[in-house]
Each structure stands twice: as C-alpha cells, then as structure tokens.
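Shared between the two complexes below is subunit A, which has subunit B as its partner in the first and subunit C in the second.
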Partner chain A sequence: MAFAWKAAGLTYNRYLAVAARVVRRSLKEDKRLQAERRGEMDLRFAKWENGKQGENKSLGEANASAMADAAGQEAK
Partner chain B sequence: MSAFRLSRVALRARPTKFQNALQRRGYAEAISDKIKLSLALPHQTIYKSTDVVQVNIPAESGDMGILANHVPSIEQLKPGLIEIIEESGGSKQFFLSGGFAVVQPDSKLSINAVEGYALEDFSDEAVKSQISEASKIAGGSGSEQDIAEAKIELEVLESLQAAMK
Partner chain C sequence: MLSRAARPALSASNRALTRIVVPNAASYATLREIEGRLKSIKNIEKITKTMKIVASTKLTRAQRAMVDSRTYGQTSQQVFEEAQTKALEDKKTLLLIASSDKGLCGGIHSGMTRATRRMLEKDSSLDIAIIGEKCKAQLGRSNPKNMVLSFAGVGKDVPTFADAQAIADRITQLPQDYASIKIMYNKFINAQSYEPVIVEAFSEEAIAASENFAAFEIDDEVLANLREYALANSIYWALAEGHACEQSARRNAMDNASKNAGDMISKFQILYNRTRQSVITGELVEIITGATASADM
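Now for the complex of A and B:
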C-alpha cells in the first residue's frame, strides 16, 4: 500500500485534518490562536430506534473508532 | 493606354498588400506565456485567476514546475512549500498542508489546500517541540491510529523544518 496511514484505517479526509492541525499548531502565537478555531469540531448524533432516542455520541469519536474497526477488518 | 494605367495601379497596390501580410498576428504572439493561478483555502482565497509565470509544487509523484500550456493533470500535493514566480519576476512561497493541484487544459492551474501560510508566519520553537512530542508518540505503544497520526505529523513537521532553513 502506498500510504502507511491507509493501512491504519485512516481516511484521506483524516490525513488532511491531521496535517492541517499540525500546520496550525506550528504558527506564531497571534496567527495560531486565530487559526486553531478553524480546527474545532463538535458534532453529536443519536440513533433513533422504535421512537426512542438512543445514546448521544460524539461524531469525532465515532469516526475514530470506525477507522480502527476498518483497520482491524483489513488485517483479518 | 488604359491597360497600361491599370498595370501601374496594380504595381502600386502590391507593396501595401505585402505590408498587411507582415502585420498579421501569428500563432506565437496570440498565445500567452502566462498561467492563470487560483490558490484557494477553505477560508481564504490567496490567488484568484492571477497571471503568473511559473508555479513549483511538491506533488506526491515528485516535485514539479508548471508553466503555461502544461499538459492537463491532477496532482495530489505533499505537505510542503509551493513557489510562485509572478509576472513582475518576484517569487512568493507558501507552505501548504496538503491538497490537490489541477492543471486545466486552457493554461489554468487550481490549487486547493486546507491550510497555507507564508514561511515567516511559522514559529521555530513550536515546530521543534512538536517534533519531539510526535516522535515520542510514534515510537510509543499507543493504538495503531495514534501512531499513524503521529507519523503524519512528523512528515509535515520535517517538511516544514526543511523549508524554514
């Protein structure tokens, strides 16, 4: 496989997000504070079943575990 | 007598016709030697269809310089420095976090990236401290995903450090 991060189940979208995050953190203080707000993401979702709201989960954490699962599946 | 006058007129007419042929624009002048560059981030437009002479980009397939009339192509960018040689002869450099460069058939180049800053906006200490932090994680016993992310960070930071020297 061409990219090591692909083998770990990471998506290209995640790769870009990580690369952008580290670029933002490398900026000088004034620009960094402004830029880092762009990296924040707080989305939550819940699955509704039989008319009842399920557990409220963070989208970021759900994505991370899905990527770990995908890597585990590929290894099998 | 009238036939003789007619030939005189024809003789005089010829040189002007010849001049016209010389003034006609040829293919070489009609084509511009500039490339229209659009460099866009999600939150900012740095270049908007601006005529530039050359753009050097760090593509996954290797570093390349793009001039006018480049063959159309799509290149994935590595985190790295792009250099833009402007019409005035000066050049500008930006560090991009990664994205895509699309060369369109009519001498147009679109570059999309998530983050892009000039080199003077980066802090030396921030890069150094992040390198030591990321190498700790990359060599540690975290999850496969954490190690992979730390390795991505290292790739970006090392490219940035090399560019800043």
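Now for the complex of A and C:
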C-alpha cells in the first residue's frame, strides 16, 4: 500500500478529519476557538438487526475501535 | 354547559337562584373561565413567538451553511456527471434519510417518510439508514425489517463536516456491499416550500464502469478514497440543506401557531368583554328594580 494511513487502518475521511484537526489546533487562539467548533461531532448510532434496534453507541468511539481492528488485520 | 358541569356543588346550591336569574349566575362562572383560557392562550402565543424568533435567527445561519455546503456537494457530483456514472442494477441499494431529532416543524419529516414508503412499495429490498430520531420513529414502526443503521444527535446545531465524515465512515464499514447509496433530504426551494429529493453516491465498481471515467485518469488505489470522500460530501450537503429546511419549516409552523393564537385571543377578548358588559347590565337592572320596588313600599 502506498498510503501510510491506509496501513494504519484509517479511512480517507478519518485521515482528512485528523489532518483538519491538526490545522485547526495550530491556528491562533481566537480563530482556533471558532474553528474548533466546526470540528465537533457528537453523534450516536444504533445497528438494526431483524427489525430490532440495537444499543445506542457513540459514533466516534465505535469508528475509532473499528479502525483499530482494521489496523490489526492489516498487520496480519 | 361546561361551567356548571364542572362545578356540581356550586350548581346545586345555585339551582334555586339560577331559575330566576339564569344568565347572570351562568355568566359569573363563564367570565372566570374565559379569563383563564385567555391567559393560557396568551402564554402559548408567547412560547410560539419565542420559538419563531429562535428559529429565524438559526435559519440565517443554517441558510449560509447550506449555500456553502452546496458547493461541496455539487462539485463532487459534477465529477460523476462528467463521467456519466450510472448505478449498477444488480446489487442492493442503501437509502440514507437525512432527517433530524426535533419536531415542531410541520410536515417535513413525514414528507420524507412518505417518499420513502413510496420507494419501498416499488422495491421492498431497499436497506434503510436513518439520520435523526423523527424519521426513525416513523419508519422503525412501519418497516423495521429494512433498517440497518440509525443515527441520533443531529439537528442541535448546524451540521459539521465532521458529522458527515463520521456517518460516511460508519456506512462504508457496513458488511454489505451496496451498488449505490441514495441520500434523501429535503431540498430547499424557497422559504415556504421544500421537497424530498435524492442524491446518489456510487460504489467503486459503478464509478470504474462509467463511460467517461478514463478521462479523469484516476488510479485504482485512489478510487476508494474518492468514493469515501464523495459520500461524505454528499452527506454533508444533504445534512446542511435538510437543516436549513427544518429551521425554515419550524419558523413557518410557529408563525402560523402564533397567528392562530392571536385570532383566538381576539375572539375570546370580545367574548370576555361582552360577557362582562352583560353581567354589569344585569346587576344594574337588579339594583334599579330593587330600588324601585322598595320605593313603592
């Protein structure tokens, strides 16, 4: 694989989000506060199986752990 | 009459009295009641008015976000238009519905639910992912078998691109491989009207199979990235436009509610004044008759 972040199990969107976060954090104080609000994400999600709603989970954490799994598989 | 039914004790003690001066005794009771209702309607009007103002201020921000997000969505969509990408026929389609968590905004959520049900009638094998509690509640009851994912927590503020990215990631992680992902959202036509429309985000194979794809000279390795990014772009567009529609719909709904409350208030005010007048007149009549009667004696 040509991309280091792909080997680390990240998706392109996650890669972009991380890069954007770095840029936001390196802004000057006043601009940074404004910009960081654009990077907030507080969603929950639930899986549905056979017509039943599953547990409500935090989307950010679930995505992170899924990517960690993907990284583990990539290493194998 | 409602007033006397509500107060049996009072009506029992007044029965002897009311037989003689019926309109009087009754109007004392209703006067109180009219006053009470008038007060509660005024309170409701205050609430709806405040909600309207809040929605109006949010609307301007939401509209700005919507105009910005359109650029994202349309630019990424242009690539596929130029490449003449078409959805593959033989595989499953995922329908992503961009609604929100909050109600009190007229029929925009149920409009999308209706459109979804129409699509399900044509093709009952559709898989559905829903953003927002409102459509989830409606479709989760009628078509629970088709649901695969639901997201909550949107609609508090203007949607961010981070929201869209997280949703896109979760969708790409679904085990099933979808031929195309249809994103349904409310298109903002003007402040009064909106309609549910669909943008499509294609799978890698569909993009690779499109007619003018070679013109773009995209490597196979980058294709997956393009697809993920395009999906996030489309979702962001749908979320922002849906959010603007919701705010504008809420503004209209609250505007109508305040108007109706205003109508009711003026109606009740007139009724209240009339009743009050007639009570005073009745009292005057009593006093005068009493005075003349005692003067005769």
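Simple rule for what comes next: the second predicted complex is superposed on the first by the 70 of 76 C-alpha atoms of A that agree within 3 Å, B and C clash if a C-alpha of one lies under 4 Å from a C-alpha of the other, contacts with A are read in each partner's own complex, and residues count from 1 in each chain.
Assume a contact is a pair of C-beta atoms (placed from the backbone, for glycine too) under 8 Å apart; a residue touches a chain by one contact, two chains touch by 3 or more.
Here the structure is a predicted model, which means the values were calculated and not measured.
In the superposed pair of complexes, A:33 makes contact with neither subunit B nor subunit C. Applying the stated contact rule after C-alpha superposition, one finds that A:25 touches subunit B and leaves subunit C untouched. When the two complexes are overlaid on their common chain A, residue A:56 makes contact with subunit C while staying clear of subunit B.
Of the two partner chains placed around the shared chain by superposition, subunit B is the only one that A:8 touches, whereas subunit C remains out of contact.
After overlaying the two complexes on the shared chain, residue contacts for A:68 are found with subunit B alone; subunit C is out of touch. The interface of subunit A with subunit B overlaps its interface with subunit C at residues 14, 16-17, 20, 38. Subunit C makes touch with subunit A in their complex at residues 140, 144-145, 147-154, 160-163, 165-170, 172-173, 221, 224-225, 228-229, 232. Taken in their complex, subunit B has these residues touching subunit A: 42-43, 79, 95, 97-99, 114-115, 117, 121-123, 126-127, 130, 134, 143-145, 147-149, 151-153, 155-157, 160.
Interface residues of subunit A facing subunit C in the complex, by the touch rule stated above, are 1-3, 11-14, 16-17, 20, 38-48, 50-53, 56, 59-60, 62-63, 66. Those residues of subunit A that touch subunit B in the shared complex are 4-5, 7-10, 14-20, 22-29, 31-32, 35, 38, 64, 67-68, 71.
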